[in-house]
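Two complexes are shown next, each including subunit A; its partner changes from subunit B in the first to subunit C in the second.
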Partner chain A sequence: MLQLVVGQLLNGVIVGTLYAIIALGVTLTFGITGIVNFALGAFMMLGAYFTWYFSDGLGIPYPLAVVLATLAIALVGLVADQVLFRFTRNNLINGLIVSIGLISVIVAIVLMVWTTTPQNMHYVLPGVFRVGGVIVPKMKAVVFGVLLLVILFTYAALTRTWAGRAAYAYAQNPEAAALMGVRTKVLQAGVAAYSAALAGLGGGLYASLYSITPEIGAGYILKGVEAAILAGIGSVMGSFAGGIIIGVAEGVGSIFLPSAYNDAYGLVFLVLILLFKPAGLFAVSSR
Partner chain B sequence: MLELDRIDVHYAKNHVLKGVSLNIREGEVVSLVGSNAAGKTTTLRTIMGLKACTAGTIRFAGASLEGQATDQRVAGGIVLVPEGRQVFPRFTVSENLLMGAYHRRDRNRLDDDLDKAYAMFPRLAERRGQKAGSMSGGEQQMLAIARGLLSRPRCLLLDEPTLGLAPRIVDEISLTIRKLAEQGLTVLLAEQNAGMALAVADRAYVLETGRVSLEGTGAELAGNEAVRRNYLDN
Partner chain C sequence: MKLLLLWVPLVLVPLVIHNNVVLTILIFTYLLGILAVSFNLIFGFTGQLSLFHAAAFGLSAYATYLAMAHWGVPFWLGMVVGVVFVSLVSLVIGTICFRFNLRELYFAIVTLAFSELFRLVILNWNSFTNGSLGINFTLTPTLWIPGRGVVPVQGTMMWYYLSLVAVVLAVGFYSRIVHSWMGRCFASIRLNDDLADTLGINVFRYKLIAFVAANAGAAVAGSLYSFYISYIDPHYFSIDQSLAIIAMALLGGSRYVAAPIVGALVLTALPHVINVNAEARLLIYGLILILTILVMPRGIVGVLVTGLRRPSRAPQTPERPRHAA
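Here is the complex of A and B:
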């Protein structure tokens, strides 16, 4: 029993980092463009398909396929921002409508090209780690490590580089940032592309673990937004913790409760946390 | 150095600035005096390119600013310390100051500039690690001015720097403006506090519902009957 709990705990942590990478994109986009970009889930799904196609279709080695897919999704995100989301700045409702439209278009294109048949990538890294009876597939450990590094890198970039500080300053006070000479349009486009790249990377890594279908984006964007809200929108390390909390709640919850209602366990946590901390767990006070 | 020539600005259908012309010469302190909603803030925002003018031209150091975005104007040396201070609340004092230097090419070598800022505002030096959002209004105003100076302005625009501050802080701020003027900095000061604004200014303009109604030296305007009646208490 203990092994099962520990195993599900680890599993939850790993799935949770996938939620976290989406949540990070959600929180960054919201901080800079003032909308929740639900299409990040579709970008993640597209990243998974691209990685699978580059790797199994074109024979490009998996790590390179992930990098290429991430860059391609960054470009998709940039184009979507300049063509569509640019006109929805700081307008949540318009952002939501455009997101939903974009999701429909992306899902329809993927269905046309790759059909509804679930796609499974070849085993990239077979084998497992055994730690005292608990089994962790090697690939899951790699996915966790890569995502953790990217989240830490993002945090460091936001606090220690000029571009990151400009983004953080802009999130606090857009006009004051413009008065410091921050090129606000470039910043917004850059953050939109970076958030898309995070989602694309999440999808590329997902592809090595699970089946790819056109619907996977919906679940992940839902959990990503949950994680971002749970953490208190605007907090980088908070999105990480939020993703892991939801992942673990699902993993451990499904041992004791029917796993068919998996998606609800994270939501229960979200409601409980918001009841006691309405601004989110790691919310930073604005004063 | 900074010339506004018959500037018109509209907010939707409201005609907020009606042919405003100003001329600020190098090394001068010029005050823009007027009541609430006279158009002072709009004038400064238009100079920065945060608000577009519908007619007229703005020239800085001989060149037209038309088509220049805010960041280009900042890089050119026009710096606005905005109304309501607008410090970055979650940044520390020193992080706020660093943001002032964001556009500078030498932004990675700022030790001297920071020392100078702390020498000018000793209270900021004591609080360099404190979050700006947790400071008093007067301290935030000092920080906003210091941050503006880190942008290395050739012309500094100050919007209502004394709004809502205690008389003692108001004195401190006018002293700061005098010091900056002695160092040769060109300053355009928009103020409701006409007494203070006319006292520090070489020249001043009175703005009334979007029009320049009077101009003259600070002393001339301070002695003007209409100005005394409408803007000064005595």
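Here is the complex of A and C:
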């Protein structure tokens, strides 16, 4: 029983980092452009398909395929931002609806190109780690490590570099930031592309673990938004923690309740948090 | 009253056109029109993006059928069960959301969370709802017609007139609300709910009224729609369904009570006019959503009434201070 719990705990942490990488994109985009980009889930799905196509279709080595897919998704995100979201800045409802429209467009295109058949990538890294009866596939450990590094890198970049401080300044007060020499248009486009790249990377790593279908984006963006709101939207490490919390709740919860209700944990958490601590779990002061 | 005359040609349609496909498209337009018109009360007129509408639609369809199957009640009583059930659920969800003052994104997310929770329950409660397989109806609604007694509602003609009457009643109901003092309270909430509160409008109460009244309309639509196609499954609750509702309201024009019916007509007729598969349909939905928001935020009816010129003041949705939870 203990092994099972520990195993599900680890599994939850790993799935949770995937939620966290989406949540990070959600938080960054919201902080800088004032909209919640639901299309990040679709970008993640697209990233998974690109990685699978580059790797199994074109024969590019997996790590390179992930990098290429991430760059490609960054470009997709940049184009979407300049063509669509540029016109919905700070208008949450319009941004939401445009992003929902973009999701259908992307899903429809993926359905046309790759059909509904789930795609499975070759095993990138077979084998498992065994630690006292608990089994962790090597690839899952790698995915966790890479995502953790990227999240820490993002945190460091936001707190230690000029661009990061500019982003924080802009999120606090756009006019003042502009007066201090922050090129706001470039910053917004850059953050939109970076958030898309994060989602694309998440998708690329996802591809090595699970089956790829056009529907995966919907589940992950929902968890990502839940995680971002859970911890208080706008916080980098908060979205990381939020992702882990939801992942672990699902992993451990599936031991006790039918896994059909897995998706419900995050939703219940979310509703409770929004009702009783609307500024987020780790917020110091409310509002 | 003059606007009522616009409906007259629709009454005459089946006498002129005997094409079943055209009539079927119109039936779907009316039934989905009720759904879109009711959604517009909370979305277009009160300014709250509720993602619970598809769930209200589905819940009522299930409640109506299950009440008929388990308690043996006739269809119309079943519909009352559906509407009452959905209204009570909306009352609870609305109270939770508005008591805690959830706005914009947060309201959208929490209503989405509740509709997902209901979808999960419907999907997994196999003994009661038959899970993902759904239920094929064997029951039909009955109607008392003067001179003919109680007859089952079947055939295109009967459904045409039934759905037409239903949509006219729905438009009448919602336009009465919107054009009353209550409608002006909704408008003030849409434009600035802090200001509305300052002016002494009970924001909580009117948001709740709008939410429940809108969902009740979705409940009526759900009962009728499910019995017209004689089938229910958890797809009634899906995000695609919510998407279609938003698309209809926006495309028709979210500033006019009856305009979403135009949106429903376009989106229902489109797949028949240009013969396309499911993927292309999804693509078209997405493009319509994007283009409507970016190019003609006032919808087809809005453009017909005032032209493509952008309004000089007051954007579609007023900007609010960011990060307002």
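Of note:
Simple rule for what comes next: the second predicted complex is superposed on the first by the 278 of 287 C-alpha atoms of A that agree within 3 Å, B and C clash if a C-alpha of one lies under 4 Å from a C-alpha of the other, contacts with A are read in each partner's own complex, and residues count from 1 in each chain.
Basically, contacts are C-beta pairs under 8 Å (C-beta built on N, C-alpha and C of every residue); 3 or more make two chains touch, one makes a residue touch a chain.
Keep in mind that this is a model prediction, so the values were computed, not measured.
Of the two partner chains placed around the shared chain by superposition, subunit B is the only one that A:Ala169 touches, whereas subunit C remains out of contact.
When the two complexes are overlaid on their common chain A, residue A:Ala178 makes contact with subunit B while staying clear of subunit C.
In the superposition on chain A, A:Ile97 makes contact with subunit C only, while subunit B stays out of contact range.
Of the two partner chains placed by the overlay, only subunit C lies in contact with A:Thr88; subunit B stays clear of it. When the two complexes are overlaid, the chain among subunit B and subunit C that reaches more residues of subunit A is C.
The interface of subunit A with subunit B overlaps its interface with subunit C at residues 287.
Per the touch definition, subunit A reaches subunit B in the complex via residues 162, 165-166, 168-169, 172-173, 175-184, 284-287. Those residues of subunit C whose C-beta lies close enough to touch subunit A in the complex are 49, 96, 100, 102, 104-106, 108-110, 112-114, 116-117, 120, 123-124, 239, 243, 246, 250, 278-283, 285-290, 293-294, 297, 315-317, 319-320, 322-323, 325.
The residues of subunit A lying in touch with subunit C in their complex are 34, 36, 84, 87-88, 90-94, 96-98, 100-109, 111-112, 218, 222, 225-226, 229, 233-234, 258, 260-261, 263-264, 267-268, 270-271, 274-275, 278-279, 287. Put simply, subunit B touches subunit A in their complex at residues 48, 50, 69-71, 74-75, 79-80, 82, 86-91, 95, 98-100, 102-103, 107, 133-134, 147, 151.
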